[in-house]
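Shared between the two complexes below is chain A, which has chain B as its partner in the first and chain C in the second.
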Partner chain A sequence: MQLLVNALIAGSLAALLSAGLSLVYGVLGVFNLALGQFALTGGYVTWWLHVSIGLPLPVSILGGVIVAAIVTWIAFEVSVAPFYRRHVFLPLVTTIAFSMILDALILLLFQERPYSIIAVKHSLHFAGVYISVEQIFLIAFTIVFLCAVAWVLHSTSLGRKIRATVQHSDAARSLGISSALLHRSVFIASGILAALGGIYLGIDQNLTPQLGFPLTIKAYAALIAGGKDNFWGTIVCAYLIALLEQLAIGLPWWGGDYIAAGFQSVVALLFIIVVLLLKPRGLFSGLRRAI
Partner chain B sequence: MSILAVTHLSLTLQDQHILKNISLSVEEGDVVGLIGPNGSGKTTLFNVLSGFLVPTHGSVHFRGQDITGFSPSKRAHMGIGRVFQNFGIFREMTLEENVLVALEALPAEQRKALGNLKEVVQGTLEMVGLSGHAKKKAGSLSGGQMRLLEIARTLKSGKELFLLDEPTAGVAPKMTHQVGDLISELKRDRKTVLIIEHDLPFISRVCDRVIVLNVGEVVLDGKPSEVKQHRKLQEIYFGADPTS
Partner chain C sequence: MKRTLALGSLLALALTACQPSQEDPIKIGYLGPLTGDFASAGADTVNAAKMAVEEVNAAGGVNGRMVILIAEDARCTGSDAANAAQKLVTVDKVVGIIGGVCSSETLAAGAIADPAKVVEISPTSSSPEITAAGDFIFRNYPSDALKGIALGKFLQNAKFTKLAVISENTDFCQGIRSSVKDNLPEGTTVVFDEVVDAGTKDYRTLMTRLKNLDFDVFLANGQSDATVAEMAKQMRELGMTQQIVGTDTADSVTLLTLAPDAVEGLKPLSVPSLSEEGTGKQFADQFRAKHGEPQFGMFFAALSYDATKLLLETIGKVGTDGEKIRDALYAHEGYEGVAGKFSFDGNGDVEGIPFAMKEFKGGKLVQSELIPLE
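Here is the complex of A and B:
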């Protein structure tokens, strides 16, 4: 039961990160490798506003999200917009460059010390499971937020335009859906989702500058495993990978020995390899696009 | 004034001359067929007209305005609609949503002028006999139904110039007539239509004029009855007669 709860906690973080990634891939067809750094930007700015400046947490979160959205917008204009129409793989390189700049800036501004947005958690213990009030809130928030994303996608004009673009980009453009505006909006939305992921991480655990790339990899594992343009497949795989990680390090193997927690991130990579070998287009590729 | 004027249009992609010095004009209300063998540049020409490709040389004017560098969405807002060979419908969206998203993509003024969008959606589906399928996903329709939906959606979103890329491709023979009837309705409404098609009897039935492309050049331009009898057309499709 504890493993399931842990998987729910870790999966919610991965779901926030990979949801934006899936939208960006579906609409723009590009890979963004600066996602983890957008998450850290949101997390660190929230920490700075809340802990250093002393602003209330909701205001700090709003500040973190706004700054991350601006950074994501700059990233789009500098490292995506000039390149992706020439070749969709170019942003793969340019966003890596942008992520390295952000990594350096984060290191310069916040050093290597781990920071937590909420230092003291309010722990609960019931039915043999340990969980903090903050974690319950984070899981609930993620589920509500993803439901809100679903509502936007399926019940609003913007959502219909996004889905139309994902399903037939040329037809959407020839109906008058402006790809320039839509692409910017979706890219910035992915940065906001990532920032929320970073804030989630900063509340639940600690923020360190080295986390950017591992966060990106985890989100990509869910994206690739779920089917690159399958939004809901990606979300399901985010939770699935988190569950496999918890099972890998939480259960005894080989005569009672446990796998060291440091190997947790290997699970996501192994999972991608296995999925690519068995179903190269993703686990949910048999289903039509679920966006 | 012509609704569409193409002047000295050329397109070179990766050292291949795909379109060579094409000039043509289309009058408002005309239904023009564009034929030619595979690789003659028909769809490429449509891609240039709808803004997906920028020509290397030459210009495209719509209602007298130079639109050569305009994006596909800007051209759509001006009144140019495209129907795709591979069905430009959104298969995972319902029929209602397919029409609604086209109306929502219109500039605000045009959208407001339509009034209640849900009624327009209903009317559009009724026009092509698909109102009973409104809540179904578009991917569940037959090829012919998809084509009717796509053309009706383009019509109701206020387009003036229709670029139809093989509208009978993937359509059952009995529904080809329905597609032809819908194109005739467009003509009655003084819409201008350019059709790429391999089905010559269909072209003869619905078009006022036929343009023949071969290896990126316009080689024939005239009434369907004239073009059909022309020696050049036979040569393009069947090769030159060695005895002639």
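Here is the complex of A and C:
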């Protein structure tokens, strides 16, 4: 039971990060490798507003999200917009470059010290499970927020446009869907989701400047296993991988022996390889065409 | 034609003017984690090394020659350290190297500095493997081989018998892990011994397993304060109340901002705090005035300052020849540094810097007892 809770905590973080990626890949066909840095931007700005300036937490979170959205927007204009129509692989390189610039800026502004947005948590204990109030809030918030994104996707005209573009971008364009605005808003939305992930991390654990790339990798693992442009598949896989990671080292296998903790991430990558061998387009690609 | 000749002779004159190397600046290298997980320690040590160089230069240099410090980023990894050392040795042709900070750095850089006959003094590396890293490799930080003995003594005195350990997979943490296991007092057993990837921050599942075990003391053997904070926090979140001990990486006031509740009572086994009087205080005041509060710890800075000063002093005595510097370091009777009086044994390991057990008490990091080594 505690393992499930642990998986929920880790999975919610991965889900926030990878959901935006899946939208961006679905709509733009672009791999964004600066995602982890967007997350850190959100986390660090929130930390700065909350701990250094002393603003209340909700205001700080809003500030962090806004700054991250602006940074994401700049990233789009500088490193994605001029390139992605020429070749979808160009942004792969340019976003890496942008991520390095952000890494350097974060290091410059916030130095090397690790930071925690909330240092003292309120632990709860019931039914044999330990969880803090903050974690419950984070998990609930993640689910609510992802549901809100789903509602936008399925019940608004913007969402219909996004889904239409994912299914067939040329056909969508010929029907008069303005791709320029759409692409910008989807990219920025992915940055906002990532920023929330970074804030999540800063509240639950702590922020260090070199977390950016590992976060990006984590998100891509879920994206690829879930079927690259499948929103729900990606989210399910984010939770699934987290659960698998926890079960792998948390349960005794083969007659009482535990898998050494160092193999935790190997188990997750092995899972992805098996998924791709069995279903090369991702775990959920067959269930539904795209989103 | 005349003009070219004139220019040529001028050039020749200028070249000969450069010739006497006695006037050239002396280059020494620094390598350490200027970025990456352990860059807080990198910042403190490089700032302290700079301070030492600036002071020597302000006092007229080494035998009238200015000193240049060339700092390279080794990111706490062996491969980056090897690249950095290669550059320092072959391109910059440094006389000596201060660093690395992480044991992985010192070992990898040592493999290049030693054959090139360039002295390397690490101010902070503690892996037992450095003892045998080479003739030119020194350190003024005690080896972890001794830390196992010190921790063993502590466990025995405090009557802890069931030890649980989580270690990061780095040279530093593995060195401590094996040293602790080799030096357990009689009757003490290791009941939990897991190794995680470097930089892991999610310990919840390991802690969930640990909760079902019978143990009385937990060793948070992490590579940085960021990971130690998560170990302590996630352990306390699961309701475990056992004593936590840490190593040098837990000897960081940053823990108080990351997890003030969880680290209360945590005991880091580390080198002593910098003396609050005499040269120690003088150094600390100057460091604060120049670089602000240390990001990792004042003692690390002091050791780096001492290592740099000692290297420059030795160069001043015997010149820039690597073998002569090496011999002079081995022969040194005892250097009066700001961190204490120390010398080197036949392996280049430090003698004279003891261990201390500290404790987070009431939101402060205090020194609770010195653990001298025989």
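General observations
Throughout what follows, the second predicted complex is superposed on the first by the 273 of 291 C-alpha atoms of A that agree within 3 Å, B and C clash if a C-alpha of one lies under 4 Å from a C-alpha of the other, contacts with A are read in each partner's own complex, and residues count from 1 in each chain.
Definition applied: a contact is a pair of C-beta atoms (placed from the backbone, for glycine too) under 8 Å apart; a residue touches a chain by one contact, two chains touch by 3 or more.
All values reported here derive from a predicted model rather than from experimental measurement.
Overlaying the two complexes via chain A leaves chain B and chain C side by side, clear of any clash.
In the superposition on chain A, no contact is made by A:Ala221 with either chain B or chain C. Legend: residue contacts after superposition of the two complexes on their common chain; A:Gln246 is shown touching chain C, with no touch to chain B. A simple residue count on chain A separates chain B from chain C, and the partner touching more is C. When the two complexes are laid over each other on chain A, the CA centres of chain B and chain C sit 140 degrees apart as seen from the CA centre of chain A, to the nearest 10. Legend: residue contacts after superposition of the two complexes on their common chain; A:Ser178 is shown touching chain B, with no touch to chain C.
In the superposed pair of complexes, A:Ala164 makes contact with chain B only, with no contact to chain C. Touch criterion met: A:Asn206 reaches chain C, while chain B stays clear of it.
Touch criterion met: A:Tyr130 reaches chain C, while chain B stays clear of it. Taking the two complexes aligned on chain A, the least Cα distance separating chain B from chain C is 38 Å.
The touching residues of chain A, when paired with chain B in their complex, are 157, 160-161, 163-164, 167-168, 170-180, 288-291. Those residues of chain B whose C-beta lies close enough to touch chain A in the complex are 50-52, 71-73, 75-77, 80-82, 84, 88-93, 97, 100-102, 104-107, 139, 153-154, 157.
On the chain C side of its complex with chain A, the touching residues are 35-37, 39-40, 42-43, 166, 169, 194-197, 199-202, 204-206, 208-209, 224-226, 229-230, 233, 236-239, 254, 257-261, 295.
Against chain C, in their complex, chain A makes its touches with residues 2-3, 6, 9-10, 107, 111-116, 119-121, 123, 125, 130, 132, 205-206, 208-210, 214, 245-246, 249-250, 258, 260-262, 264-265.
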